[in-house]
Every structure is written in structure tokens, then in C-alpha cells.
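Each of the next two complexes has subunit A plus one more chain, namely subunit B in the first and subunit C in the second.
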Partner chain A sequence: MGPRKTGLGLSGLLLAGTIAMGLTAPPVLAQQPAEVKVGLLVPMSGIYARPGQVMRMGAEMAVDHINAQGGIKALGGAKLKLVAIDSGDSTEKAKNAAQRMVAEEKDMVAASAAYLSSFTLAVTEVTERVNLPVLTLSYSDLITERGFKYVFQTSATAASQAEQSLPEIVKLAEKASGKRPKSVAIITDNTAASVSSVKPMKERLLKELGIELVVDETFTPPLADATPLVQRVRSARPDLLFFLPTVISDAKLVLEKMNEFGLGQGRVPTISFGIAIAEPDLLKTMSPALLDGVMTVVANWGSKGHEALMAELKSRYNEPWMTQNAISTYGDMWIIKEALEKAGKADREAVAQTLRAMDMTGGPTAYFPGGRMQFDGKGRRVGAGLTIVQWQKGTPVTVYPSELALSEPFWPKK
Partner chain B sequence: MAVVTGLIMLENILQSLAAGLLIGAIYGLMCVGLALIFGVMRVINFAQGDFMMLGMYAAYYAFALFGVQALFGSTIGPYVAALLAAPLLFAVGYGVHWALVSRVTGTRTAGLDGDGHYAQLILTLGTALILQNGAMIVFGSYPVSVQTPLSVSAWEVGPLWDDYVSVFVNKARGIAALVSVATILLLARLIASSRLGKALRASADNPEAATYMGIDVQRSHRVAFALGTAITAVAGALLATNYPFHPYVGLEYVIVMYAGVVMGGMGSILGAFWGGMTIGVVQQMSTLILPTQLQNTAIFVIFLLIVFLRPQGFFGRVVERT
Partner chain C sequence: MTMPVLRSLAPVLAIAAVFGLVATLLDNSYHQLMLTLVLVWACLGLSWNLLSGYTGLVSFGHAAFFGLGAYGTVLAHVHLGLTPWIGIPLSGVLGAAAGLLVGLPTFRLRGHYFALAMLAYPLALLYVFEWLGLQEVSVPMEREAPAAYMQFRDGRVYAWLALGLLIVIIAVTRWVERTRFGMALLAIKQNEAAAEAAGIDTLAWKLRAITLSGAIAGAVGGFYAVILLVVTPAAVFGMLVSAQALTVAMFGGVGTVWGPIIGATILIPVSETLHAELGGMLPGIQGVVYGIAIVAVILVAPEGIYWKLRDRFGRRAKADAAARTAAAPPVPVDGTVQRLPVRRPPPDTAVVLEVRGVSKSFGGLRAVRDVGFEVRRGEILGIIGPNGAGKTTLFNLLNGFLTPDAGRVLVHGADMAGRKPHVLCRAGIGRTFQVMRPFARMTVAENVVIGAYVRAATDGEARRLAADAIARVGLSDVADRVAGGLTTKQLRLMELARALAGKPEILLLDETLAGLGHADVGDVIEVVRRLADEAMTIVIIEHTMQAMVRLVDRFVVLDHGAVLTEGTPDSITRNERVIEAYLGKKWTAHA
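Now for the complex of A and B:
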């Protein structure tokens, strides 16, 4: 008898609940939401905590600016509310965090995630299923290769970055040193973004530019010692080194070892792809003299026109310059704001639809290179450009493209 | 041409060997700290990597903020700071044992299920989590390192053959290896011939009999725990010149420490050093024949081979003590 009685009780309760909800629902819906929740799912603990925290700074600044300027006007001035969630330091933790986020934050309209390409791949597997639009600054081509409908990649993909930047780098080298580089060494870690950058180079681009690949090394971060890797470079003596780290300690180990082996400071010009080598943190671990002239290709960077933001980031958070993590996440919040204005309601499906249909040249476009805010069928930003950043006297400054450049590039030669 | 190729090959081999020996010496010292704790107390300390992290930060702050750099300069300073980390972490280890570890070890656990190992496991794991996240709050998430010009310069050995075969020995790593070996020799002497060493060995061999002989086993355990913590902290501080670290750095090394201790033979202190050394050499030399990505896989293949062929490790005893 007992269990049956409980069953009846439960269904009774359910019925009562449904009636109660039915009664109270219309007034709640009729009201405009006081706050619109946007998510930021990035690593805030573990070895990737630092970039995640910088992304949070960018997001907080943007949300404050948006709210100070009157919030979402189409929603009666509703304020944005940032929900920052820690993705942890592994793909497994990132996926769990995403599951927690979608379960707990049912009214979240969009999110920005998740720094590392590997994490973004895992997180979007979860968010796609609940139709939550996710903006990402991650590079890997795979992210928008899977036919997902709710992922929007604001960065040029790794392959596209390689394709756009390699001819520029060769041109720069030729102009400055008087001879065309003929050989290159590639040292890369095995994270998704680095692998995606290197793949088209090895398959096609280097051959097209007539450059021979003389050293090809892939390592698992973090390295304990860079001796064997740099020893290969010493034996081969290439004209250029392409070095793609994700973890700061690897950047320090390789650059210091280059110097130790007499290859540093321009003897073998070093070019990176990705943000790690231009992080402010690098200065806390090594001398700026060893970095001078090192260049990196990044999807976005604090550039000409962002001076006020760079100054605010410095005064508010004590960040010496604006990396992609800060500026892209700042821009992401403005894209979401723009989508909410156009959608006219705080609904994730409506936001996703406006993002897909978006085509604008003003507003949030200012925060991304490439001059346009439109996403193609895969979710890639149409015409996404890039920036080349170079360490000059202890600061990485934008040197390419010329319309965004804050300084002239120089070619380290010895 | 064939000669040149051969010479380049020889240079690669010698260079990797040198790198392996240098990093191996520091791994060895880390392992010794852990082995001391395990050997004397039979406690599996999962927080060892995080104590090492504390040692690194202790050296960093001593160096950068508390005047060691100003007093001794950037060349000797890092090593003075590393040695200063030792007494500090000795105190931390002593305190942690007194407040926490002693409650689940020693005579208290006699007759408990699994000799109290379950409680020890949870306790040290919990301590590790608290240290990692506490450090993140206190020290911040950005990586730092003890900056010295030594880490970017090397002693060049050679050329050994005409213009070929030069081996570079990184100065910071070279000095760290020497300090590490000196520390181990000192410890070996302490254990072999001092009264304290005798008490430690007696408490390790047979705690009960040691008590009957008038040895304060609890105190021996406390000293062993503190000493083990201090030694691993010195290893961390020596590493800090070349390796940027952050609050989670312990996780990267605790596995290496365990593999080294097991390879050397559980409980053998000298064995732990050679275990750590083997890991360093295998990690660096495996790149000569295997892709660099598999560096750490190579370590564990060798580890499994050793466990399979010689389960007691290099220096372990076949007969377990009673």
C-alpha cells in the first residue's frame, strides 16, 4: 500500500505544481527581464588560469561599458549579467563545466568560450545540444568543421592565419635581409591550435613559397628541458624558426636555450603563431633582451584605435598591454549585445538566428581585424584578418596590417 | 660527409646525455625527499609536489623581495635563496606533521584497517588541493621564475673534434646539479653516522622495537617528514631558475617523483636518487630515437619494464620487513 500511496501523492503534487505554474507564468513572461545572462566559460584554475582571467577582465570591462551606456535598449534597458565559470585545466573538466553551466543557467542567452581550442571543441559538444550560441576566439579549424549551428568563430582559423601570414613574413624577411629565406625549422607543441596552424604549412604553403622544412619537431607541453629540440635547430642551421608554444614555460625554455646555443637574438629569426609568446607573463620569467624582434601571428591584438581600452585595462587591472584574450572577449560581449538588440528578446534561439544573419561594418567590428561582422554557414567570421605582433623594447606591438600597426616591423639580423 | 654526419650524431647524443644528467640530478633530489618520508614513515604523500611548489615560491620571494638578490646578486643569489627555502619548508613540514599527519600515522594507526593508509591518502590528497588553491589565491596564477643570467648561458665543452662536437652545459642547471649531489651526500652522511640518523633508521626498520630502545618514534617521524619536505623544496628551488612555475606546478612533478621512488626501490634513499636520474636521462635521450612527443611515454615504458623485471626496484630489498 505504501508505495502506491506515495505515487498518488507525487502525481498530485505534480498536478498542483503544473496548475500553479500555469497560473503564474503569463505575468512573468509579460515582464521584461531585468537582467540578461551571458556566459564566460574559460580556464580560471590550473595551468591555463592566467589567460582565462585576462579573458574575464575583457568581458567584465565590456559588460560594464554596455550597462553604463544604457544596457540593451531593445529590452527596455535590460542590463547584461556576466556568469563566469571555470573550465578547469583539462578537456574533461571543461566538458563537465559546460554540462553544469547548461543545467544551471537555463536562461543564459549566449556565451564566450573556452580559450584553448581543445577545450572549445569539448565545450561546444555540450552547448550545441541545448542550442546555446557560443562565440570563440580559438583557432582550430576543427571547431567549425563539424557542421555545428551554434558556434561562431571570431578569429581567423589557424589554417587561414597560416595562409594569410606566411607570404607576408617571407616578404618582410626578403626586404630586410636582402635574401629570400630558403629553409625553416618548425618546433610546435601538440595542442589543437598549434597543430592546425602547422598542418597547411607542411602540406602545401612552404612548398609553394619554395622553403625547405629542415627540422620538424612536435612536443607535448610542458617540456622539462629544451636541449634536444634546440640541438636539432643548431645542427640544421635554418634561415627561420617557426616556434608554436601554448604554455609560457615552454616559450622560456626554448628561447633561453636558443640564446645559450648561440642561436638567439636574431641569429635564427623566430616567428610564432598564437598568443603565448607575447603574454605579459613572459617578462616575469625572462629577460626582455632575449625577446626583442620575436614575432607572432595572432588573430587579434590591441591595436590602433584601441588606445582608450588599452589604457583602461592598464589602470583597472594593471595589464601592461592588450592581448587577444582581452580584446576578443571584450568584442564578444559587444557582438552578443548587438545580437540582442536585433533579436529584441532575451532568447538563445533568437540570438543564434540574428548572429547567423548578422552583416555589419560598424559597432563590434572595431574590435576585430578584417573590417566586417558576418558569419558564414560554418560559423566562421567572413573576411577575418589577423595581426602580426613583434617584441620591440620589452613590449609586443602590432606591426601588421599597416592600418592597425602601432609601429614599423624590423627584421632581426646578425 | 659521412664523418660529419657521424659527428653531428655524436654531438646530439652527448648533448642529450648532458641534459638528461643535469635534469636527472634535480629529479633525483626531489625523489630523495619523497623516499625519505616513505622509507621512514610508510606514508604515501600526495602533497609532496605541492610542498615543492611552496619551496619554489619561498625561494622566489626570498630572492626577489626579501633582499637575497640585492645582497648576493643574480648569480649566487638563486642558490642562497634555494638553501633558505630548506629551513622554511622544514618548519612547514614539521608543522603539517604535528597538526595533521601524526593523527593518521605512527602508533595511533596500529591495528587499523589498512594500517591507516586510507586516511593518509585522503589527508595528503586534501592537503594537496588546499595548497594548490590556496597558493593560487595568495601568489596569483601567473608563472614566475627566479631570474638569473646563468639560465641563458652555458659552459662550452669542446669542440672535441676539429670544429665539431661541442657540448653545452647550462650554467644554472650545472650548478643546480652540483648543489643537488652535495645535498644528497650530506643527507647520506647524516643518516649513516649521526644519532638522529640512527633514530630515523631504527624507527623505519621496526617502530615497536625502536620504542622499546627508548627512541621517540613520533619525533623521528616528524623529523623525517620535515626533512623530506625540505629536501624536495630545495630541488624545486633549484629548478626555479630555468623553469617558470605556478601554483599547480606540483602536479607536473609528483608523478615523476613517484616513478623515481618506485624505480629506485621503495624505501631506498640512494635508490630514489638513481631512479630520478634514470628518468631524467631516459626523458632526454629518448628523443634521439623516438618523436619528442613520446618523451614522457618513454619514461613509463622503462618504468613498466623495471617493475616487470625487477619489481623491488634498483635498490629495493626482496624480503619485506616484518
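Now for the complex of A and C:
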């Protein structure tokens, strides 16, 4: 890439449209230390706009907090400047947006991207080639299996989440109901995230736990009718249902149909993986009573110790609770801040190096389950934990792990 | 390569120079990517255009070939370590195979049904690839020898590669446009039945078109995978891919090599700029603006920007041409139009066409019943009869559009009943149509040459045959004029020339005299008679008897699907049963 430019600011943005870069010297406006640009490349239009907007809220809150607390001290109190870019709703648009970001923001030091794992895969193909470190909450294993050096995955990967959570779910069921679950039904959509969660279960984990897979159904979102799926669950009567939707309307259809068939409200305990089933939007179309007791395994969630953040998110953006999208993106900004402090210069290569070398238990660690901030050679967070969230009285609250739990889990009584 | 082909490459070279220069000057990697995408979508638009633009069979399913190509290239790289330099041509082969496979069943459908059926293929493939667990396939990053795997740090290289691909595709398209391939496709677009009748094996040409189009789409898809680096079913089989191919072609201009290039050059940057500038501020607004812009342009230029501009800037030239025509003397048919010499019946020549006991029923309606007659070389046979007598059905039985339930149609003694129209055309039966469907944007010579391909081994020979046929009907003066500006008589004669260009022995004329003024009828009759004098065997069907009396040697009169009588014009006009059939019983007494 071309020479790095700093301090372009607004005039730099204006210049960006022209091809003749570098002809005019941008005026230096003030004596303050230069701003440090961090990127947020997430969907802000199209069908994934909603999660992208929540991620932006988290990022904005973090940048405000960091700047209010004196900015980057190692850089003379330099302020962070958030550059939010819309990744659109397709892989091609995400890739284009990434290319635009790296072409026009040559002084950006790090970024957080891009919600959907397909988008993250495409975006990091671009950022890797210009050595821009990218933090992501996407949990597809593929993202960190390509030998990339500039991708940092804060979430436990899908395979790891399945591996960690299944024994906990079995323990929970055994403790609450007094008997060990022996059979499970899986209803999953065929999106990349769901498929990669289910794959290790079917291949290995269920067998190891002595659980029989009695129903195995995969559907393409959006569902038109959940009746045949739920009928199969009814006739098999499993001890557990693993239900993995990505689209909120699918979650609604299946849960309502479960209730209609007399399987809802805990008669067949329902466990999900991922965020869709705990999104605030679900309450717009469903009665909270139908959701009560439903659990989901998520890489991160607003938990114990985040009370002030959750309150601010509610008062500032009217978000009823803090999903993974908000808390992880909030944490990403703090990780970048920490890396800048350690690097001592606003340089992407230096930031990447400090991220690779990072090993801490304080600071941004508080915003991610697992108690540690360290990345392995692949860029996966070492010891990345997860949270189990349960709908209780109209709110999904963290119930596992116990040090983050805001409430005790309850096991629905048959 | 002949000179005209070289000259036709000049605009291609100009485009290559412009895009190449732009690619070289861009130093912003994002702009380089945009330029590459413009070229990629122009390529896919050209692939779509090759099938849908020229044949008129709208495909909503080009994502099928594109996606197979993309997955082919990326999977070959991931699993076999095969470089895209080889993978992309292989994707072309894959796309070609898919095109052939899709074409075989789908060409049984026409119009909207074809379009809807095509829609199904990418949708089905999308689910198949999801089911296969190929939700996300990432192109492996080659750190050792990136260039060997088509991976470059400099985005301009991709733009140059895309430009190279575009030039190859333009060259292919131009070649198709200029040969009988393109002519056959255009003929199919205008009137598939007429194309069949002109000796064009329409299914074979359509299959060739979809195979070539699929090959291009497959190769472009393979290249797209290299650009995008992550292949997902939605990204390559999605509805938007097929729509993109269709939109750039429709927007820029259908049925021309320049349309998709214009469309992509405008639409891709506009859409991307809107997304970049507005997406962050008012999410989703870019889609609205983009949609409105497309609707507005389609309203103003329904055929696409290229044709709109061409019509606007070509209008002056066309007006001049029209003025010249008005001044030009009428088609020179010698002055004896109205007082034709009485035709002497041809000598006792060999029987060329023999119809024996032909019948055809539609449900309970027996449209043609046990019809039989003979036609000798050089004879003009008129088939007449009142409305509903079965003339058109009989005609279609002779030319292969219908298969008789019973009976034989012998051409030189060989039974040709039920053969396809293009086979009959090869066997020496030419025909014209009652409803004229000239290719309005093409010249008279180009219109006529379509009929010549059936007899010509080379395009040059076809042009000579066409010129000869045009001379025989007396249209040489207007051979280079666009068919859209011709008079009805000239169009009839052009139709006749198209049938003649295939050097038929037998000419079937379908109401050739209909809709002509009195003087014009005389001119056309003169031409037809001259053909018969040159030993052409002619069968003409007409509704009215008046003009026919001056034209034919012998009549076959049909009524209620059966032969009422046959004989010379003199005897027919006096035949009471004929008068009764035409006018009703009470007139018989007065006649």
C-alpha cells in the first residue's frame, strides 16, 4: 500500500473521492494530539441491519467512555475516532466496503467486523492483505483456520461452544430433573453458524455423552410452516430439543407451534445456540410466557459486572438488554485501546503485534467470559468461555457460568 | 479473418485502451476493485445477452452457470490444489456442460414458461450446495507463489485480467453476431416458426447458444471467486446474480455487444457509490434510489441506453435515407403489369409434389379430410376456399408444422409427412408467412441471408445466394435499406426472397397477395410468374379468388376440409359448386 498518512481528518474524507491523492497538503487544524481511527464494519442496511446497529451502539459507548477517561494515555491522550462503515447485506458488498475502508482510511489502526461469519471471512481477506488487525465476534471455526495473522476472534468457536456447553446442559438437566437426559431432537436451519454448531454434536459429542439423536431436521430459512418439524418432535418425545434458528420469524413459528402441540413451556426443554432466540425483537411478535425457560448458548452476554453498561444502553438507545452484539463490540474497542497503550504508537502493525503478545486478566477481560485476554497462534482467544442465557419473566438473563450469572437457572418441570 | 471483421474490432480495441488506461492510472485499491467488478458484471451481462439478448428467451437463471463456475474454481483450488489459471477454463467447461444439460429439457418451454423454469435451477443449486455443507468456502491464501494461484497484491492486475476476459468474450460475441450463428438466433427471436421454415434447426442453435453462454458464465464465475475470495451459495447462486446479469444487459441495451458493457459501466459504480455514501446515513436508501433510477431509465429507454442513443443519433441518417427512397422510382418490374400475357400451362413435366389421402383432426373437428393432389414442375397451383375450409391446416401439414393423422406427402416420391420444418426446408420446400415478421433493425440483405444458410456452406456463399434471391424479386435497389422502412409490397417480396435464398424446388406461399393494393398485386404476380417460368414449382393459398385467376395454372378448391373440385381457372370460376361454397346456394342461380 501507499505511504501512511495521519491527520487528514475531514479534509482527508473530502479528498477521498478524488483519485489525485497526495497533491494537496491537508491543513493541520489544531494543537491536540491526532485522533486515532478505529473501524467498525458491520451491516447497517439490509436484513442484518438490526444487529449491526446494536454493534454500533456498543462501539460508540466504548469510544465515548475511553475518550471521557482521557483517551490513549500512551499517545498523549489521543482520542479514538470511530469510523463506522456499512457492510451491506451480501458478501460482495461486505468485501467492497472493506476494500473501500482500507483504501480510504490508510491510517486506521484496527477494526471490528463484520457480524455474519461469511462477511467476516470476506472482509478479513481484504484486511489481512494490508496488515490491518480485525477483531471479530463471528464464531465460525473457518475464520481462524486460514492461517491469517491479523484476525482476532474473541468468541469461542462454534465447535468449542458446543463442546463446552453440552456437558453443562446435561449437568443442569440432571440436577434439576433428577434424571440424565437420554435423547435429543435437533431442529436447525442451514446457515453457516448453525451448521458448524451442530456438526461436532452429531459427529462426536452426543455419543460421548450417551445421548441418542432421535430427530434430526434441517430447514432453509425462512420457514413457511413449522408443523411437520414439530410433529416429528411430538412423536419422538425427546428429553431435550436443540433448536438453532437464525431468523427471528423462524424462532417464533417453531416455539408457537411447540406450544400449540402441548410441547411448549418446558414440556420438552428447549435449548438454542446463538443469539436469534434472545433478541429483543422476538418480544414484538411473541408472548413472553411462551419463551419462559428457553435457554440459549451464546459466546457473550451482558452479565454480572455489566450492570452500569446495561443501564446506559437502555437509557441512551432504549435497548432492553445487552446482547452479545453490544457487549462484545464494546469490549473490542477496549481491547484496541489496551493494545494502543502497550504499542505506544498509532500504527496497525504495532497494534497487531501487541495483540498477538497480549496476556492479561484485567482491563478488557471483564467484557468477555473466560477470565483472560490472550490470543493463540491462530488468533483465537485462549480460554474463551461462553454464557448460557435463559428467558425468565420476559428477559433473557445470564445463568451460566455462575461467576457471571445474574440469576439461578430453573429447569422446566414436566 | 476478413477486413470487415478487423474493422469491427476497432471499437473493441478502443474500449480495451480506455479501460486499460483507467486501470493503470487508478492507485486506489477500492477503485481498482470497482473497475474489476464493472468488467466482471459486463462479462456476465454479455453471457446473458448471448442467449437471451439474441434469442429473446429470457433467462432468470444465469446464476446457475455462474455459481457452478465459482464453486468449481474454488473447490478445485481447495481440494486439488489446482490453480485458478486452470480452474477458470475448467469452470467454463463445467458451465458449458450445465448449459447443455439445462437447455435440453428447458427449451421445450417458450416465453414466460422458459423464464420461470430457468429461475428454478439456481434456486435448486443454492439448496444443494447448502445441503452439501458448502455454506462458506474460502480461497486459500497462497503465500509462497501467489501469482501462480492468481493472487496479486496489486489490484490493477485483476482489472487487467478482467479486461482480458471481457475482450475474449466480446470477440466471441462479435463472431456470433457476424456469422450464421447470430443470424439464426435473431431469426428465432423474431419468429421461431419462420426460422424453422427457413431451414434453421432452432433447437440445435438454441442449445449451442446456451452452451456457449453457460461456458462464459462459468468462466466468469470462476474469476469472480478469485476476486471475492469467499464463495457462499447466496453470493453466487442468489437471485441477485441472475438479476444483475439481466439488469446490466437490459439497462445498456439487449441484443448488442455494447449493451451489457454500457450497463455495467454505469450501474455498478452508481450502486456502489450510493451504498458507500448513503448506506451509513440512511440505511437502505441506496436500494430505493437505485431502483427508482433503473425504473426511470427503462421508462425513457425501454430497449436500453444503446438503442436509445443509436436511434437519436441515427435519426438524421435514417431521414436522409427515407428521402432518397421517396425519390427513387418504384421497383422496376416491366411496364406490362396489368396486361399479363396469358400463361401457357407448363408442358407435361415430372410430378414434384404429391399429396395422398392426407387427413387431420383436432378433437372432434376434422379439419382436413382425405385431401389429395399433384403438382408438376414449373406449375403454379392455387389452393382456395372460403373461411374455415381447412386451407391453413393443409398448408401446415405440407410444411411440417403439423403432422397428418393419415396420408402421405411425397416429395420426388419420398414421404416427408410429419418431418420437422427445417428438414423439409433442406429437402427443398421453401415457404412464406401470411403475417410478415421482418427483422426490422436489419437490412433487406441481412433479412434474406437467413434463408440462405440452409444451402450455403460458407457465409460468403450465403451472401451470394441472398443477393441472387433479392435480384430475382427485384429488390436489389433497396438491399441495403433497413427492413423497418419498407412498404408492404416490398416486405412481401423480401419474404419471397428469403424463401428463395434457400434454393427451394417447391415454394409454398401463404396469402402472399393479402393486404396489397391493386397495382401492387400485379407487381407481385409478375414476380411469382417469372419464378414459375424458371421452373420453380409454386403452391399458393389464398382466400380470395380474384387475383388468383390471373396467377395460377390450376386450382384446388377446398370446402369443409375436403377437396371440392380442381381445375383450370376458367372452369373453376364457372363451377356452380364453387360459387355455392363461396356465396351460398341462392347465388348459384344468378351466376
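Keep this in mind: the second predicted complex is superposed on the first by the 381 of 414 C-alpha atoms of A that agree within 3 Å, B and C clash if a C-alpha of one lies under 4 Å from a C-alpha of the other, contacts with A are read in each partner's own complex, and residues count from 1 in each chain.
Basically, contacts are C-beta pairs under 8 Å (C-beta built on N, C-alpha and C of every residue); 3 or more make two chains touch, one makes a residue touch a chain.
Since this is a predicted model, take the numbers as computed values, not measurements.
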When subunit B and subunit C are modelled together on subunit A, clash or fit: clash
Which of subunit B and subunit C A:R146 touches, first, second, both or neither: second
Partner chain(s) touched by A:L290 [first = subunit B, second = subunit C, both, neither]: first
Partner chain(s) touched by A:K252 [first = subunit B, second = subunit C, both, neither]: first
Subunit B versus subunit C as contact partner of A:F219, first or second or both or neither: first
First, second, both or neither for A:A84, with subunit B first and subunit C second: second
Contacts of A:Q231 with subunit B and subunit C, given as first, second, both or neither: first
Touching partner for A:S45 - first (subunit B), second (subunit C), both, neither: both
Contacts of A:A97 with subunit B and subunit C, given as first, second, both or neither: second
Which of subunit B and subunit C A:Q69 touches, first, second, both or neither: neither
Residues of subunit A at both interfaces, subunit B in one complex, subunit C in the other: 44-46, 49, 53, 190, 218, 220
Residue ranges of subunit A in contact with subunit B within the complex: 44-47, 49-50, 53, 89, 190, 217-220, 222, 224-225, 227-229, 231-232, 235, 248-249, 252-253, 256-257, 259-261, 264, 281, 284-287, 290
Subunit A-touching residues of subunit B, taken from the complex the two chains share: 8, 11-12, 15-16, 18-19, 22-23, 133, 136, 141-145, 147, 149, 151-154, 168, 170, 242-246, 248, 252, 280, 283-284, 287-288, 291-293, 295-296
Subunit A to subunit C touching residues, read off their complex: 1-2, 19, 21, 44-46, 49, 53, 84-86, 88, 90-93, 95-97, 99-100, 102-104, 117-118, 121-122, 125, 128-129, 140, 142, 146-148, 190-192, 195, 199, 218, 220
Touching residues (chain side subunit C, partner subunit A) in the complex: 25-31, 33-34, 37, 127, 130-131, 133, 135-136, 138-141, 143, 153, 155, 228-230, 232, 234-235, 238, 240, 272, 275-276, 279-280, 283-287
